[in-house]
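The structure under discussion is supplied below as structure tokens; questions concerning it will follow.
Letters A, B and C mark the chains in the order given here, with residues in each chain numbered from 1 onward.
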């Protein structure tokens, strides 16, 4: 495994399979044995969250604080110098002057990359634009690894908004590091995965197929990765109303058609795309997935900063 | 004293007199000798503040940080996943996955209890609905203990909005653990204590009486617990204007009618219900009361988490 | 150097040259050798930011956290007890009860002084009103010291809004502790330095002159301290449009007229007053200046709290 010290984490494709597996092993050790001492004592992580987030922010903070480090930053543009007209680049330079690592969350594609060009310290993409959320993809892959022992050989569904959802895109790209048996990309045609994501998946040999109907493929799946379909993505409400029901994972559907051992993942937060009665069943792996976010991010921070 | 490790703190009635006295002794030790080392190092407290609060939040944070622990969380719904439509229960599950203890503040009765049903880690009610704010009641009782040596035998007034004010209700319930000589519940009839609070007070043998006039009883009191009367609680402004003056604690009133050693408590923040000239007198015990919040909450966190 | 333990930091004039030089030496040591151990472990700093700020807040937090301490507080009035009508003085008393030092940021002159009268623990003015921002002035002077070895003998320009800008006023007052050769106060007449600042500068023997044109004096300067001119300071927009161009530091101007070694400082954030092409040149010292904020504030916190 390559040395990750000081590296930026911009896209899940910046890493190799070996890097990821090294990270997963490290996270396993942290989970099982804990962390001894305060390895990141005196280190400061800057959170540059230009877009709101609860989960990514709080799990990064938790990871850092459990390692003895600390966090500073902001969680929206409100009340920051950005409002006074400071440039994005100057804001990043300031955070770089104060901290040892910056986590950027931004609505525009490329924001984390730009930050990395300006900052001397490592930059972690905490989700930018429509495509990249590499630490979420790491957690998703780590969850599959934890649930199934391996990602190779699995039949995996990715459901929902594959066009605008950065978690789904990053997950698809992340799967290209492994050898799943098949990946079913399940979405209404309006929200199919973007060409640049599919091109990379194809080039990197991912055996995927695009389907519109969850019903037809659910019986084949070992794991189903669910994401939210947002009403506002549709040009008109009628179209949305027409499709939305077909992408809700109900308990009936699971009991009737799914493999008994199907595991459901979700980057969370979820709204209505999963029937709440599923939450308490053995299918629901999303709370476990959220829980794995902390040791995974601890492992990553240790590898970057230690 | 019973072991408090891992327990939820939902209502002041969840605890016995012995629990509270054990807690007060522990807080005394912390106050006098300090805390040695960093007993909660690596522990993380989640603040789930769905309703704003400065005092409760900052004193919990201070308590945790002085013990070597740390805090994460949010201080309003704004910018959290709640705004994206995530369920309350899922939000609590997330915080439970990241932290070792959750402090909940919420406008609805029962919110902390629901959180405790979902979370594996202890949940502390940082104030929910109209009735429960158990750590505030602990601080109030601890303040009486510190000022008078005991709560037993005291004549205590509780003034203001006894209907909607959760601090006042919790304090009244908290007093039922002890043997005060008499408790005068002083409020305009519109804001008298709720039936369920009075029923419990009666059942638990609290010698209380309900009065409308502060003037008539102030001379009997050893301690007066003041809370704010909010204009918006009154159906019409005129009614409010009529009563408000009668519930303002002025320096003249104190000098003319109160016992020389009367101690005034207030959960704070205060607005106009206490004449600012009282702040610098020996009657004012509310700043001391605020100060005692930190060691009391330190003692509680240690008992729950150590 | 006098003992600074427990002192308030309200104005740059509260300190003597010796105090400042002691502070700069201490900051140098921190920068070169780091800090050993966790000297402020268990200490809590309260941030009372009634007005937004990113830089001051984050660099204070970073300084505190790198020393092993921690921070609590609020970053705007929103969601605090101030909104419920609590008095400023009661809010400060609360923070004083919880923390070991308070940093105040407020739009009104004298707010930090009032806090210091109420609080038992030291109060640091993190910028209040139009005149005082003492820790910014310390950083500015420390930057000159770092860049030039000394402040004495330098020719220094102070450009921009000298009337309402608290950083510029504090810097001018701070310069009176030293013996610069000349200080050029460069501003449109509407934004000239206030009488009370000029009076003190004169009394304390600062050799200053007021000029309107940057062009005429830039060739003499060793250092140029730039601040922003805000549109809203002008009674009418036309007047603003007329002057604004004359106070923008362009690369052409620097290359044509400035000394080759001119150093440009800026308290940041900057908007349009410095040509972005200057950022990457040897003139630009403002990022270095921002960077020096952390060790300087670490030195200050150590002197106050250790």
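Details
Throughout what follows, contacts are C-beta pairs under 8 Å (C-beta built on N, C-alpha and C of every residue); 3 or more make two chains touch, one makes a residue touch a chain.
Remember, it's a predicted structure, so these values are computed and weren't measured experimentally.
Among the remaining chains, those touching chain A and also chain B are C. Annotation, chain B versus chain C: rotation angle of 120 degrees from the Cα superposition, expressed as a multiple of 5.
Copies chain A and chain C of the same chain sequence form an interface built mainly from non-equivalent positions, shared numbers / all numbers used being under half.
The distance from the centre of chain A to the centre of chain C, each centre being the mean of the chain's C-alpha atoms, comes to 41 Å. Looking at chain C, one finds that residues 70 touch two or more other chains.
Residues of chain A touching chain B in their complex: 35, 38, 52, 54-55, 58-59, 61-62, 65-66, 68, 70, 75-76, 268-272, 276, 287, 290-291, 293-294. Against chain A, in their complex, chain B makes its touches with residues 41-42, 44, 46, 70, 72-74, 79-81, 83-87, 90-91, 93-95, 97-99.
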